[in-house]
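The two complexes that follow have chain A in common; it is paired with chain B in the first and with chain C in the second.
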Partner chain A sequence: MQLLKVHRTFPKLKQLITRRYAQALQREQDEYTDQPIYPPILDMTSKGKKKRERERTRENIKNINTVEEKQIALNMPRYYGWECVMLTEDSVPYNAMPMVQHYTRTHFKPVDSLPDVYQDSSSMADTVVQEIKSAIEDCIVIENEGIQRKITTVLNKNAEAQRENAQARNIVKQINRIITNNLSDKVSHILSSQVDYDPRHEAFWFVGGVDIPPKVFFGRRKKGWPKEAALEPVNRPVQYLGIPLLTLRNHLPLKPVIPYSECENPEFKVAQFSTLPKSVGYSADFRHGTNIPGFWPGDFDEFGLISYHGRGHMLARPESFGTEDNLEALHCQAMKTSFGWLLAQANYQGFTTYNDLTYPLVTQTVITNGNLISFYVYQLNTISMHNDDLDNPKHNICMGTKPMNLYDTIENGKVKGLNDDVLKMLVQFYLNAPEEREHDMKPYLGKEEQFVADIEDDNKRSWLESTYKHLMSNRPKHKLLPETYLWERIYKIEHNTRFFEAKRRPFELGTNPFIRRLDDHLPPYIPKALRPYPRCRKKFETTYYPKV
Partner chain B sequence: MKLTKVLCRQHIDFMFKRHWIIQGKRVPINLGIEKYLKEKGIPVQDALEFVKEEPPQREKVKIVGPYEMPLPLDENHPNYKERPCLTLKHTNVLLEGISQAQVLTKTIISEDKLPHRIEELAELPAPKSVHEGVKKAILSANIFDCEQKKLPKIKDPERPAYNFPRILGITDKRKNEILTNKLLHIIEKSNDSEVTLSKYVVNDIETNSIFDKEGDLIQFQDVSNILVTSNKPLKHELNETDVSYIDIPDMYPVKHTVTLPPEHFYNDNSFYPIQRSVPMKHPHTTWLHFNRTEVSNIFETPVTPSQILGRSLTHAFTIASSYAKQLYGEDVKDLPDPVHINCIQTDGQRFHFGVFELNTLNVDGTDGIKNVWYCKNDMKLYDSSRYLNGMPVLENYNPKVYGYINAFYNC
Partner chain C sequence: MSTRWYPIYQKGNPQLRVFLPNFWMKLVRPYEKQQPNIVHFHCSMEMTKYDIKNYLEKIYNVPVVDVRTKIALGKFKKEIVKGYITKDEDVKVAYVTLPKTHKFEFPNIFEEKKSSEDDAKALEETKKTFKKFLEKNKDRTDVPSWFSI
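Coming up: the complex of A and B.
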């Protein structure tokens, strides 16, 4: 204890000693230049200041070293989570194409055959198709007629759709097994790839250029904003959720389908869709933004090759939507799933919705019910579509085919009319080899620290890991969300009958309880018995929230 | 609080209840009004004449709901049988574990001894890339998968009322699914395509085997989490002489049907899910998951290692016997050709390997032809694989296990 006291007094002693030999630093000789250098002229209006603040936040997120911290940083402004527009894989409302295209910034190109990149593997695919053809026919027959299974369905979803997806899952597993087994000694990337069944795909991003809800408009007007300013759009947080039937991933990314410079082509421009998502059939939910491509950061195989998706939800669509809209619904599903998966992958490379990609990423998507198959190739060029980046010239490209029949019918235990061309396209997806890129894949991540697991400080590492998993789980809060009770609305807001009471509720104080930062809470208390030494004054545990 | 305080408490509801009871038992007192009225010449009518009859019961309207309701489990159910069937499901275990399984299936055991061919194949070294793949699979199953579901409650026996925070993570079901499927995928990829083309892999199929044993009807209902089938029946050359077998034990005073709950709703026939017409219908290797959250005793005692081993044997018997019955008919007893099947049980870390030889379906008594179970139990694939202080860790990977799995696939 004695020693400690000495330590505390030492800095004070230091101040008492006069600094006799100290002198001012020498002034710089070349203080004057030939040309006057002025500091940059900054926009000092409140708008300009706010814009600079947002830019600073983006820059801060960019400078964070690890993937997990960046994800926490995206969620820092909201304690209760963002009010996200929920995009799910298996529900497509009527006429969804314009909105999905704007939200994913995707130009859709309908095609009948695969793009030119796949030409090289054409001859090899032909031989492979001949080799596996009979096995594929067998597996289709066995899965449809040869095995009796009990498919259990849940009540909250369409039973028909669930049954079709279960059947598709079984067939996809067999087809994937046959093709990978055949190709594993022909091409090297198949052996090193990992297969995931029912992985969790989630993606989170901000979309700008969407109208504001009336509630926000009137709120702004109440605060005295001029009408033009009150109408300015806000960033809409968007969350995608999906579960593919099966995915393949590798440690190398696929080659781009079109050159990266081509993505600024004005032909690919997508029309803005500013209508409120609520009014076209999408719901909103409070949740922390999550970016998950089916594995946690740190897994070696970070880049997706192929993902298979079911199309059971098509059975739940009303007939009145028509065939054309059904086809568009498939395209929408493909765009959402491909964009969602690639965005999550891009996030693991250190990019976020605020820090745009510096190179393209590609994935291949197959939507099937076991017989009808449609193929999509998606190239992700940009993930930045927030309000400050509305004139971003880059666009994403999706090329897709119509659904095609893999076979005509099954008669007497034999498959009739197996479509070789469809099978060939599928094999070509597998043959498309990923390649090592020459540029830096993770420019915005640290050199030594790329994941939380690389951090040396034990406490910081454990804290960040558990906080990250806690946020990503979106488990319900221990305490209920803040709420204005109905009696309060009647007796306090609409009729001021309780004027004598102390004003403590958020609506009385004029605050919005939902605008609360993630770190705006008391850290966990350390009981005295657990403190490092007696008389330790540190009452609360350290938190390691990223500073943005 | 003193007891008197409760008893002395005034409670208006108590008074109300008493009041109703008392008023409900009221005896009508003859006030002599009837006599008085008759004297006056006023007619008196019986009150009961005016009491209305109960309305006739209406027929119930059949409402078409959003889904079909399951049939009520009563005597009219199509599967109802008078004779109870003692049922072992895949979520239940036998009380006496492996020895009860031996008695039920009339099996002798050769412990720690697999057929020569498998032992030879298991010695073959695998390339390094394959072991890398296996390590990736272990990490993916235990660490890198993104499932976040509620794990079982943590209990501290020292302070059983303490509530620990509920941990979200990868459930044991999913862990096992990922690990076994990836292992099988790696094995198939590293094998020749001719070998893989002769095999077929199905997930989560239900098998049902029903048989008589000493007057009791017994059925095993099992789920094979992965069933590898092949285009020709699996054959092991099992003419080993230096094997010492564990004979069928006497379990007295425990009866062999203990902890098999009787069931009245069952099918009379055994059921093998792959149909006769399928060329690749012959069972080769079956993978069984031991999910600690799903499998339990019917009483609340924890599952013992012996009971886990017993599961392997009953599982292999279920598949082999249902297949044999599909092949030779429901009433077959001694098989003309023995049926062989490989079985791998795992809880994600420990692997139990077994080869089952089904010689007879006549499981009465302990004499005559018996079935044989060769097993090698408790091989650890790794010691631990988890997040340790925020870092993914895989400790003590054991490459031998892969050798055995590969040998089982290739034999």
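Coming up: the complex of A and C.
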């Protein structure tokens, strides 16, 4: 090393010197064992190699220390983002249940009352309901008749739906205020919980066991893959987007509704839905996968208790869908929102779509328009549903009620027929206390470094922080996206009429610009004036992309 | 009523009397695997979603839940002799969703292929002829096959 510092040619010189006094290494005595030991036999077919490669990637992501780096690692293979199937909270096509169930691996159980774990809080809820009843009636009357709010609507969504959601948002805010005020001195977890208004809920995962898009199939055939290989399944990236009206979260997770071992029950198995999502009315979009449960990593209150969602989109559904499908649409909305929120929370605990949960997470979802209320309890048991994990026995469970009326009518400034049972159920959701778990909550995160903020190195920390936030923002690229123009498709790709021209475009060079890796770019240039003195040869800034 | 341009009335027979409607729908086989309650159609470019729904409901009594449409780009083809590029007409494609209790399977319009028994028989026949040919030319290996009476 000393010589190296003197001049950089020394290591090369060292190679030229012959090693005259060197001799063969002496054999170790215990080289032989009683039983012959062989290295493991590996599948050396291309399929086997690819499978090992995927396993290595998953293992690498698992070994990353911080939450943010894991999220960047999920997005590493695509510079322009994944072509995600977009699942939004407020658009449910006809007969959506089979697809939503397969994509979230959820067994749905219709119930009339809350599950057994809520029995303990029953008597307390009764007293609370009697205390808050008049306040709730007042707030419903005032929000419906006493106040005229100016609601601004956007043009790209149904105006009526937006108005109903805005109305529901106001009522939910009031109801939440009344219940939390009443409960804050009765139960300890309410005071320590945080309330979010219109938070940003996003979740990203991969779904296996689905047909490959024709684009992929024909692309592979064009490259000369045999037909069977071209039909090899691919994971479909899925992105959920939703904005609840209001959420409550705490630093402790809720108790599981059913025991964790129960989730492997074959009764909960959901039917496979392999048809292309496009064929039933879902769209796909290029974007970086984001997992955001309404707060940034490192927040203290990282487990959800309750989320309220609007049901305005039901007004935008055509009449021909029928009431039965409308009910299913509500269930679908509940499954999507609950799964999406819990998945994002699980990601902040260090699990990803590649590294499955080791314990269950629970959330409570309320879908309401200010009068009609439906309650859902969702237990997340598994988040791994990619192609290599298709025989995963675990399933998620969602229990939900039908929509019920909170009150009958409002007459002469009075609420008629306030439904105590419905209000009681809502109070019971608030009374369901989160609990400290005995197991390790973050097994896949580092001991010292769990978030980027814990990293000591200033450069690395700030670089990772800004890269993470930039990816999660999904801001459009500064430069135009690569595009094959129609004239090129006609005169260059489909019909080779311009064979004499120089081949410079990606399709002529046989590359696909959309399969570019995230780190496949030149890092920012350091101008000479800014380089550390004296004579630094480093021209480009360091990047800290996770190695996966 | 039709907006087609028909030839101007001329005296004499035969006369063009059939007035064809603007609206037509053609059932097509889906390219990819579909849900059993989704049916694909090609239809005339002027038809809207509502027209498609009414067409199926009023004329054929088919219950329609939802209609999605798109306009598919026509294929580009090369003119064989002159070599310039031509384009086929665009088509409007309608994806019609039936109630989930309904199932539709695209019918097999063309008759089935000949049975494998016939194929085997034909193959056997060919083999026999070829063997006969070999037998005939056994003694004249250097002579081309066309050189015979």
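To be clear about the criterion, the second predicted complex is superposed on the first by the 518 of 548 C-alpha atoms of A that agree within 3 Å, B and C clash if a C-alpha of one lies under 4 Å from a C-alpha of the other, contacts with A are read in each partner's own complex, and residues count from 1 in each chain.
In the analysis below, a residue touches a chain if its C-beta (ideal position, glycine included) is under 8 Å from a C-beta of that chain, and two chains touch if they have at least 3 such contacts.
It should be emphasised that the depicted structure is a prediction, and the values quoted were computed from it without experimental measurement.
When the two structures are aligned on the shared chain, A:Y525 is found in touch with neither chain B nor chain C.
Set against each other, chain B and chain C differ in how many residues of chain A they touch, and the higher count belongs to B.
By the touch criterion defined above, A:S320 lies against chain C but remains apart from chain B after alignment on the C-alpha atoms of chain A.
Shared-chain residue A:P214: touches chain C; no touch with chain B. In the superposed model, A:V280 makes contact with chain C only, not with chain B. With both structures placed on the common chain, the touch criterion links A:I147 to chain B but leaves chain C unconnected.
Of the two partner chains placed by the overlay, only chain C lies in contact with A:Y94; chain B stays clear of it.
Of the two partner chains placed by the overlay, only chain B lies in contact with A:Y197; chain C stays clear of it. Residue ranges on chain B touching chain A, taken from their complex, read 66-67, 129, 133, 136-137, 139-140, 143-148, 168, 177-178, 181-182, 185, 188-193, 196-197, 200-206, 271, 273-275, 277-281, 387, 389-392. Touching chain C in their complex are the following residues of chain A: 93-95, 211, 214, 274-276, 279-281, 318, 320-322, 325, 490-491, 494-495, 497. Interface residues of chain C, counted against chain A in their complex, comprise 30-35, 37-38, 64-66, 68, 76, 78, 85, 95, 97, 99-100.
Every residue of chain A that touches chain B in the complex is listed here, in rising order: 131, 135, 138-139, 142, 145-150, 155, 159, 170, 173-174, 177-178, 180-182, 184-185, 190-192, 194-197, 199-200, 292, 294-296, 298-301, 413, 452-453, 455, 458, 461-462, 464-466, 469, 472-473, 475.
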